[in-house]
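Going by the order they are written in, the chains are A, B, C and D; count residues from 1 in each one.
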Amino acid sequence: MFYTVIEQVVNGIVSGSVYAIVAVGMTMIFGVLRAINFAHGEYYMLGTFGAWFAIDYFDLPYPVAIVIGVVATAMIAVVVGNFVMQRIVGAPAEAGVLATLGVALILQNTVILVFGGSYKFFSGGYIEPVSIFGFTLAEQRILIIIVGLIVFVGLELMVTYSRMGKAMRAVSQNIECCAVVGIDVSHIALWTFILGAGLAGLSGVLTAPVNVSVYGGMGELITFKTLPIIIMGGLGNVRGTFVAAMILGIAESLVATYVGLQFRDTVGFATLMLVLMWRPHGLFSAQARF
Amino acid sequence: MTIELSRRGFCIGTALIGLQTMSSGAFARSEDGTVKLGLVAPMSGPNARYGAFSLRGAEMAAKEINAGGGVGGRKISVMPGDSQGTPVEGVSATRRLIDQSQVDYIIGDVSSSVTLAMQPVAEDAGVLLLNAASSNPKITYKAGVGGFKWTYRNYPTDENRALIVLQYAAEKKGFTKYAVLSVDTDYGRAAIEFTKKYLPRFKSQILTEDYYKEGEVDFRSVLAKIRDSGAQAIIMYGNADSTPIVGRQMIEVGIAGKIPLIGNAEFNTASSIKAAPKALEGAIEAAAWLPAYDSPKSKAFVEKFIAEYGEAPNNHAYVHWETVHLLAKAIEQAQSIDREKVRAALSTIHYESAVGEVTFDDHNQARLPMILLEIEHGKPAIKGAYSAEIDYPK
Amino acid sequence: MTEIVRDQTMTQAESAVATTGRDLRIPFGLALIGLACVAPLFLGNYPLHAIIIALIFLLPAHGLNLLLGYTGLLSLAQAAFFGIGAYTSALLAVHFGTPFYLNFLAAGFVTGAIALPLGIPALRLRSTSFVMCTLGFVIIGQAIAKNWISLTRGDMGLAAIPKPHFSLGPASFTVSGTVGFYYLVLAIAALATLAVYLIVRSPAGRNMIAIRENETLAESVGIPTWHYKLIVFMISAAFAGLGGSLYAHYLTVVSPLTFQMYYSTTMLIIVLGGGAGTISGVIFGSLLFVGLTEALRVAPELRMIAYGFFLLALVFYFPNGFAPLIGRFWSFLERRK
Amino acid sequence: MSGLPILDISGLCKSYGAVRAVDGVDLHVNRGEICGLIGPNGSGKSTFFDCVTGLARPSAGAVKLDGQDITGWSLNDIAREGRMLRSFQKTVVFSALDIEENLVIAGQMFTFPGIWSTFGIGTAARNRVAALRERARELIKIAGLWDVRFQPAGKLSGGQQKLIQFASMLMPEPKLILLDEPMAGINPKLIERVVDSIRLANTSFGVSFLIIEHNIDVVTSLCKRVVVLDQGRKLAEGTPDEIVQNQAVREAYLGG
């Protein structure tokens, strides 16, 4: 019994890490662009498809496929960033919602049109199980947890010490002031977006081996899971997002075990709505950005 | 004055153009002599693979028939309609085929939920609905003497399947404790319902019961629960796409090779076995057909399909191929494309299929055998073909 | 610009300018109505089917227009209420065999009533959080439809919903064919349009526009913005529910996929594309974006890609959709020598 | 009854966490009076206004309007009574609507009994709106905006927008109007017109005023009595001359 609970918590941490890598990108994009990115899950899907394409069509090894997946996502993000995301800086929240919803429709359905809507089999990755402290986990899952930690620490260091990171933080705190002191807001917005989309792509590539199937509609599910996370985490708050992602991952895992698999995908939004009714600004302050 | 005239002219003109363009949409039933056959299947969406296989099978059959001079001199043309695997879109596609394309016959759908929704539509229009791939028993409970006289089914039902699987598992393997992990559709739910009906006969019980949504990717929690429950086998009635995922995650939670999968979810295809050989070893499946089935007609079909499409056919390709041929034979016997006559011909047909002779009972349900197989050493081994007469609820 | 402003301007202008030419708006409008009434005479079943679907979507779109176009609240919950309406109707029809008109009214009433407890917490949230919360309604609605199996039959959906049947004393008839349903839907859509027209032309409509323009200022002139938002949220939900009921009775099936983002997106496109805050724009939008795509049998993926590009164009290039174009057309008809 | 002040505020406090934006202010406005409220930036004038008019909830203290306790009422509750109205510094009009619509909206809630009646479509509702429109046109004429009455209000100049707002507030015939910097951001030539309008409203319609204003000339010419706020407290009160002479006030302004 106890063993099962611990095992489910570990499972939850794995999915929490996946959500976290996607959600931090989304929350940083919100911090800088003030827009909820409804297309964020689509970059996760694009990363997966990039890697699947590399493996299935060119027989490339998985590590190379990771790079290809992330680079492909980032390249698409450059295009979207230039044509869409830069323009919604300073626009009303509704404009951001509608524009990113449009981007999501375009990306998702283009992929379905090109590759077909059916499930593809992802054959790369490190799927052999290993035993740690009596739990068996696929190696890939351990990799996901490690990458999740690296991303978290890396982002913390970046926003604290690097020039770009500091600028991102500045933009997220006060956009008008940045323009005055000579920070190129639109440039920062573009790079934040590319970073966020790239992270989502990375998360997709890392998850593909354990999820096995790859399909065009997979991004939407991820978007719907990350939306509650970033709102509960306090929009724009990276640390809060990490905690919220872990909480959701663990909660989902426990619900799937003790309530029923069929209720798992509702946990996020149900929790979100309860939280919003109790604290309209999320669990963590949105003020403590980055 | 000129302005006003032109404006008035504009109004009338618009109305006329509107009339003209719109009326061209309503064309009369074609009299060019082709037999129009609508195929409703999931062409897009998560089950698009089934739709693609179904369409290939049907088109291959149409090609063969047309190459041989057609049916009574008429060519068959297959008109696909996309159900996206959902009842609502399925009904929409059916209406579109009936109203717009004016088809004479419809084959479809793969998913039981969709077929159940299509039945009243076909009945209202008086168009023959010949199902080739849905296994929910209710479809033919309600057909023939059960009500819908235009619905026929050339596919074995879940009731049959559930009984055969359970019987084999209990008698040959000695299992009595099961865990359920099925897809949350009419198909998955009904199969479990009928499994439960026969559980007492084999003194067996179900320990855990979970249903997953199409597109589910994380089964670890459930599989861990099953591992700890003490079940001897997992009853899975699902879609082919979930099988590799479940297999891999069974390896992860350490139940692969210990708790076999039984039921139906394309355990026997090469791609499923390749994805998780250890988990699928010992899997028991009851299928309407499989590529390894040993009959000359079946072998010839597989060879021809591979030559045509460069890929081995699945169950859906076969059943649609066979069903188009069956329909062609009925039309030939009726010596007419008159729907009423074709329907009558179908009721009395004796058709030699790749798995045996097909006849229809008074519920318009084809009497068909189910093939039972077990995965042994990474290859499906056929354990026999079983058929059973259905007890229709009175 | 809003219709109210334009209309007022026109009435003013009318008194000011000596009219010499004829105003063709009314003849044109009558011609359109006449055309709609005789459409089945020259339209095939399939184009009629496309128009029926468009008119069914017109109802939730009218509701969304009241909410977004007039009151300025961006909501994604229309699909949730559409689904609730469809299920309410379907469940009543399948379980109790109640007649169509009862199911139809019940669908509107139930969705409106459900919108009250949902709206009270949701409307307290600001922009982004409100949008998320309304999206949550759709997702949770779908989950309930999927998992409350004893009531909804889950993913299997409810099938064989009876066709609308009316009986007046000894006379009774069933609306079964496409043509019959076309007239039924046309009548309902016309009534709904009239209702929306009356609402937006009433003093309350003016107050809604005030809330959209500036909520604090609206408060300061005594408009109880909170109550109005709640009432409009409920009305818009009721419209969506009525649409859902028609959808269920027309297609004779409902499934949990009635609750999906795709429908909310479609309704957004209708309203924003046709022109938020105008009635004629929404009618035009539903005929164009739903009717035409259905009639042309555009593949779902292509349709959604087109929707996506259209959304971007709406945000960046023509925020008023087709409204200015329609406006110009009306004044073209009205123009004097 | 007429001896009572129209607005009587006692001990009003508003804190945001540890910060006391308004700290125990007493203030009253007599009937028919134009009272000025001045103070350096950040002295709490606007917060004070918000608390009095219901946009913010006071932490302590009482607000009495015409002898009735209205403490804690919401903005629209107070406004719907039609006795006390307020303006805003920045946003002043419904910019997409024309002037007449702006005025009709401003008057609507006072002529319709309850929310549901506003959905009315009968003759009664139409007559009410027609009456409102009549009054709106009169006020538009008085405000000298007749020529631009069909233009969207947002397209007009800042001064014209202030006039529209002022006219809007006269729609329900209020007893007291609170103006938040009515002269901010308008053309100096128009200042005179706005001042005249305020005076006209005061003398011919009997409206009392409480005005926040930075332009000391305007305050001196309009107000008989001026109250000075500094750091959330009342610093001084008196005639404009007394205030200008007051040492504490000078220090506050120079220091602030």
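Assume a contact is a pair of C-beta atoms (placed from the backbone, for glycine too) under 8 Å apart; a residue touches a chain by one contact, two chains touch by 3 or more.
Note that the structure is a prediction, hence the values are computed from the model and not measured.
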item: Central chain (distance from its CA mean to the mean of all protein CA atoms); value: C
item: Remotest chain, subunit C as reference, centres from CA atoms; value: D
item: Centroid spacing, where centroids are CA-atom means, of subunit A and subunit D in whole angstrom; value: 49
item: Rounded Å distance between subunit B and subunit C, as computed from the means of their C-alpha atoms; value: 36
item: Chain centre separation (subunit B, subunit D; CA means) in Å; value: 73
item: Numbers and ranges of subunit B residues touching at least 2 other chains; value: 44, 184, 213
item: Junction residues of subunit A - those touching two or more other chains; value: 112, 117, 260, 262, 265
item: Interface hub residues of subunit D, defined as touching at least two other chains; value: none
item: Touch relationships between chains, expressed as pairs; value: A-B, A-C, B-C, C-D
item: Touch list for subunit B against partner subunit A, complex; value: 44-49, 52, 184, 210-213, 215-222, 224-225, 228, 241-242, 244-245, 248-249, 251-254, 271, 275
item: Parts of subunit C lying in touch with subunit D, wherever the complex brings them together; value: 1-2, 4-5, 8-9, 12, 198-199, 201-204, 206-207, 209-210, 213-214, 216-225, 227-228, 231
item: Interface residues, subunit B side, partner subunit C - complex; value: 1, 3-4, 7-8, 11, 15, 18-19, 22-23, 25-27, 44, 82, 84, 86-88, 91-92, 95-96, 99-100, 112-113, 116-117, 119-121, 124, 184-186, 189, 213
item: Interface residues, subunit D side, partner subunit C - complex; value: 53, 55, 74-77, 79-82, 85-88, 91-98, 100-101, 104-106, 108-110, 112, 115, 118-121, 125, 128-129, 150, 152, 168, 172
item: Residue numbers on subunit A that touch subunit C, as the complex places them; value: 36, 84, 87-88, 91-95, 97-99, 101-106, 108-110, 112-113, 117, 220, 224, 227-228, 231, 235, 260, 262-263, 265-266, 269-270, 272-273, 276-277, 280-281
